[in-house]
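Each chain carries a letter (A, B, C and D) given by its place in the written order, and its residues are counted from 1.
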Amino acid sequence: MSTTPLIETGRVLTARSVSKSFGTVTALDDVEIVVRPGRVHAIVGENGAGKSTLAKILAGIEQPDHAVMSIDSEPYAPNDRADARALGINMVPQQLSLVGELSLTENLLLVAPERIARRSHARALLAKTLSLAGVDVDIDAPTSSLGQAHRQLGEIVVALAEGARTLILDEPTASLGPVEVGGLFAHLRALCALGTGIVLITHRLDEVSDVADDVTVLSHGVDVHSGPTRGLDARRIAQLMVGDLPEPAPRAARDIGEIVLQAVDVTAAAARDSQLTNVSIALRAGEITGIAGVAGSGQNLLMDVLAGFVTPVTGQVLLDGSPAGAVDILRGHVAWIPEERSESLVPNLSTGDNLDVYRHTAGVRAQRHPRRAEQRRTHEAAMREFDVRPANATIPASGLSGGNQQKLLVARELGLGLPGSGTPRVVLAYGPTQGLDLRAAQAIRERLIACAEQGAAVLIASHDLEEILEVADRVLVMFAGKIVTDLPVAEATTDRLGSAMAGITTGQQS
Amino acid sequence: MSLELWISIFAGAIALATPLIIAGVGEGFVERAGRINLGIEGMMILGAFTAIVAASVAGPFVGLLAGTLAGLIAAVVMNTAVYRLRANEIVVGLAITMLGLGLSAYLFQLWIPSGQTNVSVDTIGRTPLGPLADIPILGPVFFNQSPLVYAAIVLLIAAWAVMRFTRFGLQIRAVGSDPTSAALRGVRTAKVGARALLIGGALAGLAGATITVGSIGSFTPGITAGRGYVVLAVVIMGRMTPLGIALGALLFSFLQSFSLLSQATAVQLPSEVYQALPYVVTLIVLVFTSRAQLRKTTAKVKLAT
Amino acid sequence: SSTVDTSSDDASADASEVITVGALTPGNTNDGAFNQALADALAQLEDEGLITYELRDQMSDPATSEPVIADFASQGFDLVIGHGIELGDAVFSVAEDFPDVNFTASGGMDILDAYTDNVETWTYDSSQVGYLSGYIAGLTGATQIGRVESMELDFVVATDEYFQEGVMAANPEASLLPVVYAGSFDDAEAAASATTGLIGQGADLVYTTGDGIAAGVGSAASSAGVMTVGVSPAAGEDALATNVSTVDLDMYPIVKAWVEEVAAGKFGGQGVTSTLDNGGIVYAPINDVDGAVPSDVTQEIEELLANLADGSVTIS
Amino acid sequence: MKLTLDFRRVAIIGGVAAGIVAVAALLIVLAGASPLDGLRGLVEGVSSSPYRFGELLVGTVPIAIIALTLIPALRAGVFSVGAEGQVTIGAITATAGIFGLQNAFGDAVPAPVYLVCGAVCGAIGGGAYALLPALLAVRWNVNEILSTLLLNYVATGILGWSLRTWLASGENTATPQSALFPESAALPTLIAGTRAHWGLVLVVIIAAALMWWQRTSNSARLTVFASRPKLARRLGTTRARTIYSTMLVSGLGAGLVGWIQVSGINDRLMGSVAGGVGFSGIAVALLGALVPSGIVVAALFFSALAAGALGMQSATGSVPTSIAEVIKGVILLGVACIAAVQKKPAAIVAPTAEPAATDDDPAGAGSGTSAAVEDHIGIGESEQQR
């Protein structure tokens, strides 16, 4: 929908018969994509389908095994990112590539063609680009001090300032709230109007039908569909991707039990998040509490406090009514799924060792060592249960794709990991489905609900409002280190939550 | 203590600081790029020895050049071992130091066999800066020094300018603080790191040459006397910025100069106290700078104990 | 020069066989001082056809030196010389296992009585070294004398006391600045800095005994045109330019006597001391430093030596 | 694919080995001797007599113990280079303990009491001295590499002062040293006719203990701590506890070595007591890939190198002793390279190497960077990331 391009004849980036394999894994097999100026081209597909690989090949970051690429009719074969950049093809990777210690200006100068850093020139260029794109971001602050949304926008602006005429965005919305996503899409449309071609990789299929003009669907490295989005809705795209999704299981009514884990009047500080001021929260058995909020509102810190990593300056954390530290909280069967899974998976340990790392918890008596083969069978069974691919317990965790790493982490926390008997009594989950495809995300949401049905107290923090509304019984909104809204899910409308997340208070405090 | 004594102490401090500053500026690049060079002591002494040999043939300036080159070559070896062959950085650094100390002593013994008088070369000497040198107090402290002292100051400014105004400076900061993002942005991290290490090695060699050709005029085994390790401390103490490094080096050498010369007054402490003083104070300063840094990121997650 | 009185004349006469000597020194043999004294003596004796030898330097750590001594002994060397106090323990401990090999060990004054049947002990008279150095420094007419030493070690302190005594004997008017310790044997730069500082405080002569640090002292003093005493040739020609003299060991007479004893089968059971009298301690020819040093210095020194020899002057 | 990889490996190993030989030969020729004699001497240096073989073992003991007790610290990413100073302090306290005992009870003290007292005093001294940088790191985030490096100098000062004052021998000595220990305080000889002493047994015990430890959860927690401090918190380990405990273990080991050096070799305290074993120990720990068996082998190798280099000098006659240091440096460099080619780079520095595994970028776009070795200097840093 949206901007109907006026110029169909501008620069066209074409890539045909793109193939790439990593060892035995075929990431891309004879894929074709055509990116036109002034249009948003979405790439969708489940985890590991090859989206990022394709994007990286287009941007010169990854070298294809085989590809025929051209810009207009000129052959295009970038050796590295600099080549692509010089030809106006630029990418904002899934994992942002801004150097945190440097400002946006300096990030721009970092790979400028000139050896002497012309700051004023770069600032002028950025300022101009900012105003063109209608964005307002501090270009002189270290990017690490910017919020997630601003960093995302900042990197886009830097790419534009570098002369990007085709801009590839790999999951830019994964960690943004609805307000920010709305803002981002407005900017993208503005860019399209200027003739920029945009490639948008995303898992949120409703975004595709909202903002994209064309869509390529990848499945296991093959492009199973390609064409305009006109007439396609999210359901149809999902069908193209993975076939029919199972209907979400009907929700059974749950009994809300005792308070298991609570934070009482907590004040705490941390590096990037807002500091918490007098926050109280109680997690009850059988209840799913959702926390919404834009990045940097303090959710991360609250999670850290609840998991026992941060000792509050004032206030305390009580597990079953008594104060507890991180290891007590683990021993009390609290599952922990952090926003950054890299905090929780040990990359150079095997997937199997990662799965039962809690065997090493202090004070937990190691059960008799099961035999290796037996252990491996258990691990691989768990990996299959949680759809971790490949379900091989001996490869290092770093060998899994991002989505599969996430599944591995969930398998440990909700599956067989916690010391003692496995089932969690509390689940602390931050963006538990981020980076997952529809089916996998759905499976994990079902898991969380199942946990609650078995009597666990579940906390889900997410930037994805839809997700929270789908699973939570109660929704809290955090803004600037405070809980500003606390509503039963029935009363929580997207509008109310969205404005609370943006800091617009309507007077109703919890 | 008399005024002359203080003048001597300060003038001595500046002279002693020169090699520390020169090597420190180099190591500053290395550490900014996220690496550490434990071979710096070895590179310094190789520079010191090579410089004397070259200077005895072709004069002190060629000596300085040769010393620089020796450090550079050692850095090339280190870069190949650590960043191409991926050997452990700490082991290789220690090996380079061992090698440098051994090789310089060995070649020295072959060069000047027993019974032969050691070779002296003309040193760079001091250059009084015209009338400035006659200013009371300041003159003898600042303006009657070796040209190498002035060169070190120029070097400091140059290093500052490189870090501040060039793409290379930005790339070093990026590679050091966030190599993954830097690589993703298209910075060739290995190349940037290698360049930093080569600069570090060359300047370490020059620093060694500064000791022999710049001030003593001859070589004796072990002449660098652990200064390489001091440089490492000074760089961290100075938070890797040129100005900080200069201040750190000056503090250390002031203490050393003070310990040396205040012995000649009546204050009677065990001489070991004087000798350990610079290291102890460096450690204390390190505590304060680290603590300040901790404060700065006060927000840092306070992990419960 | 006069030899040690233990040598019998006929011993060298029938020494047709060449003695094999294994020797160890704690430092570098080109240090122009203690270590080099032995190296030079051995080289000279080899030139004379009396010995063949092997010399290992940098043996100050007993952990390294003991196996080397044992090696020499087991390879059948006739005489093993451990030159330096660091080697004393190791020599004695190896010598027990090799009663047929001859050893020499060095140490302080008290080692003289520690000899055994196959170990002769050796030391040198550090009071004479200090006194004569001081005497020379005094004779130069210097009024403010500074001293730069490596580390505050007992023997350094002791030698220094005799140095002061020597200065006062030659020139009671002279004043002495307190000793500056560089804190290292090698740190020439620190020594240079210390020397410059002393000169800044008015020193017109600087005395040193260190090895590596002498290079720093000599360099700083000579570029300031200030006299030194005690700078070794290892510091380089330039540093020697303003060095008046250096009192040093001459190991030739001592080692020669040992070799002759071995050849004659009479080795063992005694200790010897290097002294001015027996030629084991010598001083380098006086450098008048472009006329800064009075011309009669050599004469006065010779007078002192005579007085020391006949006992009319004693060092307390 | 596999073939080319192997070819590269062989080429590197061959190249490095040829480089070592060429450098050594060149240096020997420079001194006017024959490289073949040098090679013969290198071999004979460790093998030609029981005594020389004993020396190989004597040299292995301190390096191996230091390296072994560094395993926990290095696994946890705590990079202490303070062994040198801790050995020194351990030697001082051991000496003080032994003389204290002698002064208090006269000559009647039986040997085992001396040994236990020396060992305990040494270990306590080294351990206490290691806790200082640990405290600085925990409380004020002072980089432990630098603090330990600086404290080495302070230890040297303390040693010099002690030898000049309260521990000085009564004899008039040129170099500072303590009095000779009572005979019963000496570590007994293990192999007659050599200097090999019972310290060797300690190496075996410590290695065995660490092999057992390696399989414990404690070890696993440290490994997790090195790369994932938060997860380690959940496992029950804290930064403070990790730093204190691992530094303490390495300090105890180094202090014990201090005692072994005075009681096993010199029978008195001397200025040269540490003699570089601290730095060699670190190199050996890393060369041995932080595995006890690997470390013992690496320590034997390192000691053989030292003995062999001396033998080389002895065989060539005219070559200055510094050649030993050169050869050690060259071979250490070469072995570090070869070890790196042999193993996957991650394995060598397993505890600390962590090419950040994030998102869907397993090998990291920065595969050109040396993720393995560059960023493990301070654990403080890895925590600050949060």
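In this text, contacts are C-beta pairs under 8 Å (C-beta built on N, C-alpha and C of every residue); 3 or more make two chains touch, one makes a residue touch a chain.
Given the structure is predicted, the values throughout are model-derived calculations rather than measurements.
Asks: Looking only at C-beta pairs in contact, point me to the busier pair out of B-D and A-B.
Replies: More contacting C-beta pairs are found at B-D.
Asks: For chain B and chain D, let me know how many angstrom lie between their CA-based centres, rounded off.
Replies: Result: the chain centres lie 26 Å from each other.
Asks: What is the distance, in whole Å, between the centres of chain A and chain D, each centre taken as the mean of its C-alpha atoms?
Replies: Between these chains, centre-to-centre, one finds 45 Å.
Asks: So the centre of each chain is just the mean of its C-alpha atoms; given that, what is the distance between chain A and chain C in Å?
Replies: Once rounded, the distance between the two centres reads 77 Å.
Asks: Among all residues of chain C, which ones touch two or more of the remaining chains?
Replies: If we look for residues of chain C contacting two or more partner chains, we find 28, 57-58, 151-152.
Asks: Quick one: which residues in chain B touch 2 or more of the other chains?
Replies: 105, 109, 180, 182, 184, 221, 270, 272, 275, 297, 300-301, 303-304
Asks: If you look at chain A, which of its residues touch at least two other chains?
Replies: Each of 61, 93, 95, 270-272, 308-309, 326 in chain A touches at least two other chains.
Asks: With touch defined as at the top, which chains are paired up in contact here?
Replies: A-B, A-D, B-C, B-D, C-D
Asks: Would you pull the chain B residues touching chain C in the complex into a rising list?
Replies: Contacts found on chain B: 2, 4-5, 7-9, 11-12, 15-16, 19, 105, 108-109, 112-123, 125, 211, 215-223, 225, 256-257, 259-261, 263-266, 270-272, 274-275.
Asks: Going by the contact rule set out above, which residues of chain B touch chain A in the complex?
Replies: Those in contact with chain A are residues 164-171, 173-174, 177-178, 180-182, 184-187, 297-304.
Asks: Could you list, by residue number, the parts of chain D that touch chain C in their complex?
Replies: 49, 51-52, 55, 58-59, 160, 164, 168, 171-176, 180, 193, 195, 261, 265-268, 270, 272, 275, 307, 310, 313-314, 317, 320-322
Asks: Touching residues of chain D toward chain B in the complex: what are they?
Replies: Touching chain B: residues 12, 16, 27, 30-31, 79, 81, 136, 140-143, 145-147, 149-151, 153-154, 156-158, 160-161, 164-165, 229, 233, 238-241, 279, 282-283, 286-287, 320, 322-330, 332-333, 336-337, 339-341, 345, 348-349, 356, 358, 364-366, 368-375, 377, 383-384, 386 of chain D.
Asks: Over in the complex, which chain D residues touch chain A? Could you list them?
Replies: Residue positions touching the partner: 217, 220-221, 223-224, 227-228, 230-231, 233-237, 346, 350, 353-363, 365, 384, 386.
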